[in-house]
Every structure is written in C-alpha cells, then in structure tokens.
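Shared between the two complexes below is chain A, which has chain B as its partner in the first and chain C in the second.
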Partner chain A sequence: MGEKKLAHRCKAFFSKPSNVLLVIFLAVLFVLSVLPLITMVTNMFTVHIGTEKKILRLQEGAFTWNHFERLFPISDWSVVNFWKPLGNSFVVAIGAGVLGILIGGTVAWFITRSNLRFKKFISAVFVFPYMMPAWTLALFWINVFKNSQVGGGNVGILESMFGICMPEWFVYGLFPMVIVIALHYSPFAYLLIGGILKNMDATLEESATILKAGRMKIIRRITMPIVMPAILSTFLLIFSSGFSSYTVPVFLGSAVKTFTLSTKMRALINAGYQGQGYIIAFVSIALGCFILGLNQWFTGKRKSFTTVTGKSGQVSLVDLKKANLPISLFLCVYVLFFAIAPLISFALESVIRQPGNYSLSNMTLHFWIGTEASAYETGMISGILLNPTMWKALGRQVLLALIVAVIVGTSGMLIGYACVRRRGSRLSRWVESMAFFPYLMPAMAFGTIYLAVATSQHFKFLYGTFGMLILVASIKFLPFASRSGINSMLQISPEIEEAAMVVGVPWWKRMVRIMFPIQKSSILSGYLLPVISVMREVALFTLLVPYARYLLTTMLFSFNETGYSQYGSAVTLLIVLIIILINTLTNKLTGASFDKGIGG
Partner chain B sequence: MKRIIAFILLACMMTCLCGVALADEVDVEAALAEAEGMTNEELYEKAKEEVAAGAQLNFYSTTSFAEKAAANFMAAYPELDGKVIYAEIDDGETYTILQNTIGSGVADSADMALTQNGSDLQTFMLDEGLTYSYFPEMYKDVVDEQFQKPAVVTFIDSLFIYNNTDGSIELTNVWQLTEPEWAGKVFFKDPTNETVNINFLIMLTSPEWVERMEEAYKSYYGEDWANEEEYENASYEWIDKFLANVNYTYTSASDMAKGIASGAGGNLGLFVFSKLRKVDEADRGNLTVVQFENDVEGFSGFMYNVYATVAKDTECPYTCALFINYLLGEEGFAGEDSWNSSQGYYSANSSIEKPEELEDEAYSYWSDKLVFEDAAYIYDHYVDVYEYISVRVGS
Partner chain C sequence: MPHISLEHITKRFGKFVAVDDLNLEIDDRGFITLLGPSGCGKTTTLRMIAGLETPTEGRITIDGDVVFDAAKGINIPPARRDIGFLFQNYALWPHMTVYQNIAFGLENLKWSKADTRKRVDELLALLKIEEFEKRYPSELSGGQQQRVAIARTLAPSPKVLFMDEPLSNLDAKLRQEMRTELKRLHSDTNSTFVYVTHDQLEAMTLSTRVCLMSGGVLQQYDPPLTVYNQPANRFVAEFVGNPTMNFIPADHVSGEGGEAVLRLFGREARFTAREPLAPHGGKLTVGIRPEFLPIAEGGAIQGVAYSTLPSGMETTVKVLADGVMLTSVVFGSVDYAVDEPVRMDVRGDGIVLFDAESGKRVAIGTLAL
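Our next item is the complex of A and B:
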C-alpha cells in the first residue's frame, strides 16, 4: 500500500514539468559544479607527479598535509606565494569596487536622472570597455603612459605628444590595476545601478520636491536608499571579479614584481606545486561564498542582483543648467578616451613596424595581410587575415560562443521557469543557489577545478577537447542567464499559463507560444550575454585549451605574452568589432541588447 | 517532455564525448625503429600512405619558428601539403598539456613535439613512455651521441645584449651585474615563469659553475669568495644580487629585444639572441651583443636544447620520422628562411655551419662562453633552487 502511495506521489510529482526540470538541473549542476569542486579539494591533500613527488618522496596520489604546511604558516615562501599576493588581491578588489561604482553610478545617474546632452552617444559607447578583454585596456594604459623614466625607458603616447612622464607607480603596479579593472567593470555598475534608477518610482522624489526638500537631501534620503542594494551588490560583484582578475595583473604587475593570488596560482601549478595552486583556488572560491553571504546579509534578500524592479512612473529629469554642457563634454571626452581611443590605438599599433614611431613611412598592412615571404621575420607565416590558424581559432571561438549561448540561454530560461513555478520549495532554492554558485568561483579557479578533473585518471579523454570548453563555459556563464530567467519569469503572472493549461495546451507549446514571446527581449538578452562573455574570455580557457592558438582569445593572450604586439593589436580590434557587431545585429533584429534597459 | 529530457541527456553525453577520436592502433615504437634505417624517399612513400589513410601530423612546439619549418617541410614534400598542423604551446604548460593529451584519445593531440627543458622531458614524457625518441642512422656520424636520443633539433642561446646609444657598457665580468648601479637596468624574464631561465640559474649552482663563478669573483674583487655565512656558495650570492637588480618590465623576449633597442641607452638584457630579428631595422643598430665586443668573465649567456620526440599514439610515425630527418638535415635546418638563416639557432648536425654573413658564430665557439644545460643536474636540484629564486623574485 505504502509503495503504491509512494509511486502515486512520484507520478504526481513528475507530472509537473517544473519538477522534472528542477530534478534534472539539480542532478546536472551537482555533477558539473559540486563534484569537480570535490575533486579539487581532494587534490589539495594529495601528492602530484613531478615536483611534489620529488620533494615529498611519496607516491603520486598519496595523502599529505604538506601543501597547507607550506602555504599558510608565516615563512619566506608563504609570504611571497600567498600572504603578499592575498593582500594585493584585496587592495585591487576593494579599490576597483569603489572606483567602478563611483564611475558607473555617476554616469548612470546623469544618463537616467538628468537632462544631460549626448546621452545616446555616451550610453552606447560607455559599455565598450566591458566588451573588450580586460587586459587589452591594461596594454592601452601601458602604451599611453610608459615613458623614458620607467620600465625599459620606452616612450609612450603621452610623452611623445606632450613630453609628460608619469611616475612608475602610475604606470605599473597596484594603482593602474585598480584603475583598469574599475574601468572595465564600471559599465557593469552603470547597467545595474542605471537599471534601478530608471525604474525607480519618480513619485517619491516628486513628493519630496513638493514638500520643498533640497536636491541633495532628496538624493541622500530617497535616491541613495533605493539604489543602495544595487550599489552593494555591484560593489561585491566587482570586488569578486577584481579579486580573481588574472590577465590585468600579468601585464601591469609583473614589471614591478606585484603578484596577486591568481597570478601566483598559475605560477605554482606550472612550477609543479599543484597542491598549493589548488589551495589558492579554494581560498578564492571560499571568499566568493563569503561575499555572497555578505551580500545577502546586507540586502536581506536573494533578489539583490536583479536589474528589473517595479514599474516606475513618469521620471522627472534634473536640470543641470549651466553645468550641463561642461559635464556632457567631460563625459564625451571620458568615453572617447577610454572607449574609442583604445580602439584607435589598437588599429594604429597593428599597422606600425617600429614601436613608438607613428609616421606614415613606418606603417604597413603586413600584420593584417602580409604574405609568407614578408612575414618570415616575425615567426608567423602570414598576416592574421591570411593565416588559417587565426581563422580556425576565430571559428572555434564563435562556435563556442554560439553553442554556449544556446545551452546557457535555454537552461537559464528553463531554470527561471521551474524555480518561479515552484517558488518557496526546497528544491527550487537548491537549484537557484547551485545555478548561481559558479559565479562565486573565479574564472581561473574554475578552470583549475576542471583541470583537476580532466587530468584525473578516468577523465583524461576530456582534456583539451572542444566539448570540455563548452562544458566549462556553460556552467561558468549560467548564473546571469538563470538570474535573468528567474527575474523575467517572475514578471509573468501564472494565470496566463494556467488559462492555457485549462484548454489543454501542452507544456512545450505554452513555453514557445506564451512564455517566450512575452519576455522575448529579456530572454534574448540572456542568450546575448554569454556570447559576449565567451568572445572575450581568456582566464577560464587558458589552462584548458590544448594549445595557445586554439581559441582567438588564448591566441591573443599568447601574442601579447610573447611579444607579437602588432598581431595582438589586430586580433584585439577584431574581437571588439565582432562583439559590437553581434550586439548591434541582435539589437536590430530582436530589440535585445547588452545595454538594454538604460539607453540614452 | 520525454523527448526533451532525452535530448538534454543526449546533449550532455555528446558534450562529454565530443572530441574523442578512436584511432587504429599503430605499433609506433616498432615503426620508429624501422624508420631509423630508412632513406627519406622510403619514408616519404610511407608518409604518403599514412596521409592517404587519413592521418595528419599534429605538431606541438614551444618555438614559433617551427611554424615556418612545417611550411617549408610541406613545400619540400608536396603530397603532405596541409597535413602538418602546427600548434604553439606555452613553455610553462608544455608538459601538463602533453602528459594529459597523449594517449588519452583526444582528437588532434600531439603526434610529435618540439620541446625544451630536457629534465621535464625525461621525467614526464620519456620515463612515462608517452613519447619516444627517434634518431636516423644517416646522421649518426655528424651529430654528437649525447644529442641523439632524444634528438636535439636545434640549440638556442640567450646572450647579454645592450643598448649602445650611450656607448659601451664595458661589461667584462658577470659580478658587475650585482652592483647597485645596475639596479633596474638589467632585464631578464621572470625565471619562475620561464623554464629555460630557471634551468640556467640552476646550472650555475653546479660544482663546475660555482668554481667558475668563484674565479670570476676573485678576478673582479681581487680576493677569494668567502661569504659562506650568508650563502651556500658564490653562485647563490650572484643569483640573489643579480635578481635584486633585475627589471621585469618585459614579459617576452621579443618585447625585451624591441624595448631595449628603442629604450634607454645602457640598458642590458639577457634574452634569446634570435629575437633580434624581430627588432625593426631602424633600431637594430642600437643593440650590441656583449660577447662580440669582449669576453665576459663568468659567462656571456646560456644555451639550451630543443628536442623532438614522437607521441606513443601517433597514427603517422613515418611522417614524424621524415619531419625529424628534415629538421636535422641541411634542407630543413639551413634552407631558405629556416632556422639557420637567423642568429641564435644552431644545428646539432656538425656539417651545418652558420652563414658567414650573419653576425654569429658556430655552436663550438660558444662552448666555453655560455652556460649549457645538464638535464640530470637540473632534475636533481630543481626544487631547492626554484624555491630560493621564487622567494627572491616575489619579495
């Protein structure tokens, strides 16, 4: 009787598509997210082939506490390889978080709440730095500010044009790392804070105005408390991204021996200290979990990452009066310098032979369309547009982006549907948390986890495969798609679907004919973000690609690391243009776009 | 619904299995043993058969020049055109990648690899049976036995090179570089990220080089080295003080060559000689190789080997053998636009000389001027010296 009851309960449970989806996603996310983490944790306690085996004189796979004993107690080794990089990572993360919010939040306020001029231009161009791989901004920074007084004494753009030499701390080290990461993530702050500001109910401010409250008082007492959850969430997200940044410290830190946890993690793994590398990865992940907890504690609810809020009324714009033109012009110059100038700089750097010489006689298209004979000296067999390796890498990157977008976008929508329909249930909470979990893992640490899996005895067939990259990217970029899916599904009243159910419309038809069309734009944005993320991602893939020129971004990173600066600039320009093209095309065809929701 | 679930499960399985290729088993070791005694014509016939059966030679290398070598090889053997696929791998990750892809069934994994760092090659590849050595009988008389198994296809040197726009730096003894006036003016790639650089520093701690460093010390300071309280030996002191002066601005040898050439006068780099070809002609005259100006007590740089080995699961062992023969021979190494036409590459084949028009010398010239790697010594002392250096680079 009991068995029958159980069978009946199971049947009833699985008769609901939302339950089936939740069970499937719970299983998939557990296998792809939690189990690899367990593999990594076991690697923190085991001896690896090579250096560790030699030092410890133990068999491969033997249990050891040695990695912890080397990394944590204070010693020359641990200070250099853990404590000092940890401190640097904190400085970079906090600095970038604060500055990113100041820049992004300020611009968001001007765009959404004031009568600023050139809004469309500023709004469209301000997000460019987020589309560029972060380290390309670092290279731009070096190209502009390097000078005869620092580094190798090479003249940069600022010195050659104005004779100004900036000090070393300005060109290399923690300061530029903070600036560059803040610049890269400030569009992120702009999108999140701007979304809240735009949707904010204007009647609150208008009531205060009627009661004769001053402008500053309104901002302090009304605007700020409303956007505070978004500011805190944004700060913590930028903090998390800044803390785990790998590529920017490589270019801006190495010159002055400033290392962060991410750079040390890779160096230790490459040097054969895998166990210690995995511990650093775990510390980064633990910190990510702590940040999420902190965020929940601050905001008191899990919906804190949402950009979609309640309906707003008519927004009254603040009149900037005489300050309008100067502020507008300043912002135009700002976006021109940090969003357009890097593109011009990449274009220029890709056509000059001799570094620092921008005269016409020094220009060539060799690095774009050079033939075999002229390309010999550089070690490449031709310019990038004629190089089959580049086209293959580009093809793989685009294919990867598209496949991941389909998987992530669809999964995000289905997770959103299932979680919202079963809102409040334990199963729903588990899936929601597990879908967001990968965001807390720094890209490099996430790549490291899968490296640990793919180098374990039974999964070697995964190492270096395209399928592995799809798997890793799909999990890593799922959080925003699932968040976006949940938010968009929350806005759809269940009565609409229930009405269709009453007349016997099957589940898939309800999804395709009702749910998707209603939130088409929002869901398509959930597909678009993974495309952009994959097109500019390198830290996640760098440990997992079979060779450096496998993907376009890893190829670019390799070009920049090995000194093929002209080829590197050409590829960077290509990547940014492709991302802008994808964003524009999607926007024209579907109305969805990367900066959708704020606009000018 | 069932269809959707089935589709999702299938997609997951496909994702996991994507890229796994099943290859016919080939007895690679036996094929390579047979290939050693074959002529190039015979190997070409075999290679054509392999290619006709669907094989392609995926060829991994840490040296970018190898891409050109692959292109030249295909031009020399036109029926292999498009069948030699070059993939550049990062020096630091070489053996992680090869160790995990060879024999794992991954599609397009390496059939052959050109790698540096002989110690790791022995530990991770040859000892584990993941790659095999191959050396053709036709070159046994012209290549020193120690460079035959595994086959050394080229030597590469890193030399002291400086910007001469402020005149000569008059570097005559390596201990000069430990003086405070060199702080920030000597450029070297971070040895904790560059295996050949750390190998060079490890070799300095070998008894032979400690002796030479003590001699250089005495010559420079006029007294015997006697700082045992602070340092294990003279080499450790030199490493400590040298690294304290090093400027790590450049993350690649190419950038270092270009940067020093267009940078401040008097800056000195210890970097790969062959990278001078990447310096624009207008700046090339700004660089001087110290050794071509005067001898340096201690050393003028270091030399390392690039080895060719064949993967145990290759489907085209004869094509690999033919390619190695090509790289070892006159046509491959000294043909048009190949390794020998650039400074800083030297063949293990003693019948191949450097072209006279190049500002360079034969391999034998460098034998008493540079630090040469000894894989066995590096294997035994890697950990101690790496940790010593890691602390100094990061502090």
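Our next item is the complex of A and C:
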C-alpha cells in the first residue's frame, strides 16, 4: 500500500511541468556548479604536478596542508602573494564603490529630480561605458597618460601633444584602477539609484514640503534614508565587481607589479602554484557569499518597505535656475568624452607605426589591412582584417556568444517559470539560489574551478575544448537571466496561464503562445545580455582556452602582453563596434536594449 | 479665516488642458468636494491650491493673501500656505515610526520636545492609534496607515485641509467608517476641508458643497442636494445619484412659458414647469429620478420587467419600455419574473428637461402622461 501511495504521489508531482523543470535544473546545476566547487576545494589540499611536486617532494595528488601554510601565516612570501594583493583588492573595491555611487547617484538625481536639459541624450550616452568592456577604459587611460618616465616608457597622447608627463601613481596602480572601475560601474549605480528615485513616490517628499521641511532637510531626512538600502546594495554590487575585476588590474597593474587578488590568482596558477591559486579563488567566493548575505540583511530589514504606488508621475522638479545650462553642458561633455574619446584613442593607436609618434607620416593601415608580405618587412603578422587567425577567433567568439545566449536565455526563462509557479517550495528556493550562485564567484575563480575539473583525471577530455567554454559561460551568465526570468514571471498573474489550462491547451503551447509572448521584451534582454557578456569576457576564458589566440578577447590580451599594442587597439575597437552593432540591431528590431534608460 | 478663491485658473500640460478657466469660491469652514470622473482635473485643481502644481494662468487667494498670481509672478511655496494635505496613498515615510511620522511636521515648526510629545499623544488618542506609536508603516494595515496619515496632517493644526481621494484604498466597510470620522473631524477641528473624490456618494454624504468637474471644466458648484435635484446639465444628472437618472428622448410639440406639450413613448404628455422654459432646439431629453418612476397598477407606461435587484431595504427594478431601459426603485422587497408585464407611473415635481443636443437643463417641473 505504502509503495503504491508513493508512486501515486510521484506521478502527481511529475505531472506538473514546473516540477519536472525544477528537478532537471536542480540536477544540472548541482553537477555544473556545486560539484566543480567541491573539486576545487579538494584541490586546495592536494599536490599538483610541476612546481608543487618538485618543491614538496610529494606524490601528485597527495594530501597536504602546505598551500595554506605558505599562503596565510605572515611571511615575505605570503605578504607579496596574498596579503598585499588582498589589501589592494579591498582598496580598489571600496574606492570604486564609493566613487561610482557618487558619480552615478549625482547624475541619477539630476536626471530624475531636476529640470536638467538634454536628459535623454545624457541618459543614453552615460550608460554607454557600462556596455563597453571595463578594460576599454583601462586601455584608454593608458593610451592617454602613459609617458616616457613610467612603465614601459612608451609615449602616450598627453605627452606627445602637450609634453605633460603624469607621475607613475597616476598612470599605473591603484589610483587609476579605482577611477576606471568607478567610471565603468557608475552607469550601473545610475540605473539602480535612478530607478529607485524615479519610482519613489513623489508624495513622500511633497508631504514633507507641506509640513514645512526645507529642501536640504527633505533630502537628508526623507530621500536619503529611503534610497539608502538601494545605495548600499549598489555599493556592495560594485564592491564585489571591483573586487573580482581581473582585466582592469592586469592592464593598469602589471607594468608596476601591483597585484590584486584576481591577477595574483592567475599569476600563481601560471607559475605552478595551483593549490594556492585555488585557495585565493575560494577566498574570493567566500567573500562574494558574505557580500550577498550582507546585501540581503540590508534590504530585508524591518524598516524596508513595499511602496504603495501613487500618482508619482506628478513629480515637481527642482529648478536649477542659473546653474542649469552649465551643469547640463558639463554633463553632455562628460558623457560624450567617456563614450567617444576611448574609441578615437583606439582608432588612433591602431594606425601609428611607432608608438608615441602621432604625426601623419608615422601612420599606417598595416595593423588593419597589411598583408603577410608587408608584415615580413616590419617583422610582424599581417593586419587583423586579413589575418585568418583573427577571423577564426572572431567567428568562435560570436558562435560562443550565440550558443550561450540561446542556452542561458532559454534556461533563465524556464527557471523563472518553474520557480514562480512553485514559489515558496523548498525545491524552488534551491533552484533559485543555485542558479544565482555563480554570480558570487568572480569570473577568474570560476574559470579556475573549471580548470581544476578539466585537469583532473576523469575530465581530461574537456580541457581546451569549445564545449567547455560553452559550459562555463552558460553557467556563469545564468544568474542574470534567471533573475530577470523570475522577476518578469512574477509580474504575470497565474490566472493568465490557468485560463488556457482550463480549455485544455497543452503545456508547451501555453509557453510558446501565451507566456513567452507576454514577456517578450524581458525575454529578449535575457538573450541579449549573455551575447554582450560573452563578447567582452576575458577573465572567465583566459585559463580555459587551448591557446591565447583562440578567442578574440583572449587574443587581444596576448597582443597587449606581447607588446603589439596596435593590434590590441585594433581588436579592442573591433569588439566595441561589434557590441554596439549587436545592441543597436536588437534595439531597432525588438525594442529591447541593454541600456534601458531612465531619463527623458 | 481661510476663505479660498480661484480666479480664471487654467492648467495646461503641453497641449493638454487639464483645468480650463476655473472660478471657485470656497467658504470658510466649508467641506468642499471636487467631484468628477478620473482625468477631469480635480486632483490637479487641488494640487494647484496646495502649491504642489503651478497653474498656467490665473490667481489663487487663501485667507485674503494672494498665494499665486500668474500675471504678477507670485507663487508662494506650499510650506508657507499653512495647509495640510492628505495623500491618496498616505505617503507615510517608511523609515520612520508612527510617532516620528506625526512629529516630523512639529519638529519643522521648532516645537519643543515636550509640546511635540503632548500634541502627538493627543492625536494618537483622537485617532485611536496609541498602541501603534512605535511601529513602522509597513507593519500597519491600510486603515491604520490611513489614521496615521490623518494624524500627521492634523498635527500642525492647519486651517485648510486638502484631501486627495483619501479613502479610495480602503475596503468598503472601513471606508464607511472613515467617512463618518472625517465628517466628525471636520466639525471638531473647525477648519476648511477640500476633498477630491470620484465617488458621488462620498461627495453627497460628506460635503457642504460639491464642485463637479468634467474635462477640466466646472459643471456645477452647489450644495449636494441642489446638485441632485437641480442638475445643471445631463452630465451632472447622470454622474450624481445611484441608481442613475432615467433619460427618455422626447419631442417638443407645442407650448411656451410654463406649460408645454411633449411627445414621448409615442404619446403626448403635458409638462408644467416651475419657471418658464429656456429656449431650446425642439429635441429634448426627459430626466426622471428612479424614485419618481414608481411601479403602479394602471400606470401610464407599459413595459416588461428586465431584471429585479432586491437589496433588502429597497429593490431596483429594470424595466424595458418601448426600447428604453428604465430604472425604478421600490421600497421593500418585491420580485418580478423575467419579462413579466409591468406598468409605471411618473410622479413628483422634480422631473428635469434637458436640451437633447447641448445637454443643458431647460426646465424642472411635473409631467402628466
């Protein structure tokens, strides 16, 4: 009897498509994100072939505490390889968080709460740097400020035009890292804070006005406390992004040997200290989890609120009076500068023969369209547009982006559906948090985990394959897709599906004909986001590609690391243009956009 | 003594005219409702008097002081107009406790701690929310939040109180209860209330005068019963009263001055007006309130029962007569079978004639079929 009962219950359980989906995703996510993590943890205690084996004089795969013993207790080695990079990471993350919020928050306030001019333009162009890869701003910084006194001694735009040499701390190291990461993430802060400011019920401020509170008092006592949870969580998100940023510290730190945790992780692994690299990866992941917990604690407090939406369309805007035009113009110039100037600098850098000499006679299109023959004279490879390696790398990256987008977009949608339908159940909670889990892992650490898997005995066949890259990218970019899937499903009342259920429409048809069309725009952005993310991702792939010129982004890094900065600039420009093209195309075709502005 | 006057107030949002040339005198200690369908400009009007919105043209005076004058460029900010404003969604500050919410306005007036404490306690008692003093708004029910919002608005004892659909987020029973309390509050606080609503029943039961608006234009500004009994036009007649007034198309056959012969339901009827008929185009609409259209054996109008809606104390009967759907209200519970033949009569001296084209009232009087 009992067995029969169980069988019936199972049947009832699996007759619901949402349950089937949840079980499938639970299994897949467990295998693809939890198991690798466990593999990585075991790798923190084992001896690896190569350097470790030689130093420790132990069998490969043997258990050891040595990685911890070398990394954590204070010593010259641990300070250089762990404590100093850790401190640097904190400085960069905190600095970028604060500065990013200052910039983004200020612009958000002007756009949503004042009668600033050219709002539409400023809003659209301001988010532009967020769409570009973070390292484009880093490269731009170097292009402008590098000079004969510091780093490699190459002459940059500023020195060659005005003869100004900025000091080393300004050009390389922590200071520019903070600035660049802050600039990159300030649009993110702008979107989040601006969204809150825009949706915040204006009557909350108006009622304070009527009760005779002054403008400053309203900002201090009403507006700030209400947007504070949003500001804090924005800070934490920028903090964790800054903490795990890999590309920016590589560009801005390598020349002066300033390491952060992510760049150190790679350096250690490359130098054969895998065990310690994995430990650092684990530290980053643990920190990510801690940050998320902190974030939930901030946003889940008693004072937090569900806004009763009112007639918030009727916001009375602050009159900037005489300051209006100067502020508007300043912001226009500011956003234009960071949107256009980097592109110009890349174009410029990609056509000069001798770095640092910007005269017309030094210009050449070799790096774009030079042939193998002309390349021979200069001792270089052919221009990137005639280079089959480049085209193959580009093709692979685009293919990867498309495949990952299909996988991630579809999974996100289905996870959204299944989790919302079974909301409140333990299964749904597990799947939801597991799908979000990869977000906590810095891309570099995530790549490291999969490296650990791919170099382990049973999974050697994965190493260096295209399938591996698909797998990693799909899991890594799933969190946003599943979040947006869940959010958009929550907007739809179950009655809409139930109405179709009652008349006997099968599940797949309900999905294809009802649920998906309703959420069209959010689903499309669920597909668009992974495309752009893959197109600009480096850190995730850098350890996993079979060779450096396998993908366009990793190729760019190898160009820069080997001193072919002109090729690097050309490839960067190419990547940025492709991203813009994808975004514009999707926007024109479907109305979905990466940079859904809040202004105007 | 706060007397509010609006002169030629116009508000345009781009090309859209929200309020068009509005003139309004609000008496001291009045309870005025701005009534109308959504989008008629009532909220905009209220916000303009409060200073939250700037009119495009016109002049507003509160208590003899000009608070807004488009021609002279005067625009006193809301904080200096000495008013209170109760928002539809309460607009309680989520990060402050009930006490802090109520005390905030007094704090801005630089009241001492002790005085603030005393006044807040007074209000907590008045609105029966003493036990929630330390709670945050998110921990209160809709009705409790509403009371806190009222307390906060009343705390500085404003002379004029503006309310923007304050009861629309409450359930029916609570709304009834709060209506009673608001009316009581009005006489207790001795101040002028200006109240926005789209609920005609609320306007009828609460106010001393109703200002009915439509499409940004003032339709009628009178005491509620005047609006009910002597509607200025068909829109007013239709908007006020539940069930709605009956409208029957009619032709003017003959007669001038106080007497006229009309043709309706295919027969002639004699209309005796209280005052001479206003000039009109010949096509008329007869407006009869349901209570003036009783169901009676041997009545003049022949129809069939379409449906019967008993509600206990009274019964609404829908009758189809000559292609026109008529509504009658009968005291007590009656029941008619569907399509049962029914006869109706017209009685009373509150029958209203409208010009069919312009919708303007032509006359009020009795109708003999």
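To be clear about the criterion, the second predicted complex is superposed on the first by the 546 of 600 C-alpha atoms of A that agree within 3 Å, B and C clash if a C-alpha of one lies under 4 Å from a C-alpha of the other, contacts with A are read in each partner's own complex, and residues count from 1 in each chain.
In this text, a residue touches a chain if its C-beta (ideal position, glycine included) is under 8 Å from a C-beta of that chain, and two chains touch if they have at least 3 such contacts.
Just so you know, these numbers come straight off a predicted model, no measurement behind them.
Asker: Now for A:S565: first (chain B), second (chain C), both, or neither, which partner does it touch?
Answerer: first
Asker: Which holds for A:R57: it touches chain B only (first), chain C only (second), both, or neither?
Answerer: In the superposition, A:R57 touches no partner, neither chain B nor chain C.
Asker: Is A:K322 touching the first partner chain B, the second partner chain C, both, or neither of them?
Answerer: Neither chain B nor chain C is touched by A:K322.
Asker: Which partner, chain B or chain C, is in contact with more residues of chain A?
Answerer: Of chain B and chain C, the partner in contact with more residues of chain A is B.
Asker: What is the contact status of A:H458 with respect to chain B (first) and chain C (second): first, second, both, or neither?
Answerer: neither
Asker: Answer with first, second, both or neither: which of chain B and chain C does A:A548 touch in the superposed model?
Answerer: first
Asker: Would you check which partner chain A:K4 touches, where first means chain B only, second means chain C only, and both and neither mean what they say?
Answerer: neither
Asker: With both complexes overlaid on chain A, does A:T203 touch chain B (first), chain C (second), both or neither?
Answerer: After superposition on chain A, A:T203 lies in contact with chain C alone.
Asker: Which of the two partners, first being chain B and second being chain C, lies in contact with A:K588: first, second, both, or neither?
Answerer: A:K588 sits against neither chain B nor chain C.
Asker: Applying the document's contact rule, which stretches of chain B touch chain A when the two form their complex?
Answerer: 1, 4-5, 8, 11-12, 14-20, 60, 64-65, 67-68, 71, 86-90, 92-93, 95-97, 99-101, 103-109, 120, 123-124, 187, 190, 192-193, 247-260, 262-264, 267, 275, 277-278, 280, 282-283, 337, 382-383, 386-387, 390-391, 393-395
Asker: Which part of chain C faces chain A closely enough to touch in the complex?
Answerer: Per the touch definition, chain C meets chain A at residues 43, 47, 50, 52-53, 77-80, 83-85, 87-91, 93-95, 104-105, 108-109, 136-139, 152, 155-156, 169.
Asker: So in the complex, the part of chain A that touches chain B is made up of which residues?
Answerer: For chain A paired with chain B, touching residues are 17, 20, 24, 28, 49-51, 54-55, 76-77, 79-81, 84-85, 148, 151-155, 172, 250-251, 254-257, 259, 264, 266-267, 269-271, 353-357, 372-373, 376-381, 389, 407, 451, 454-455, 460-468, 470-471, 474, 507-508, 543, 546-550, 558, 561-565.
Asker: Which of the residues in chain A come into contact with chain C in the complex?
Answerer: Residue list for chain A touching chain C: 201, 203-204, 206-214, 217, 221-222, 225-226, 228, 302-311, 314, 316.
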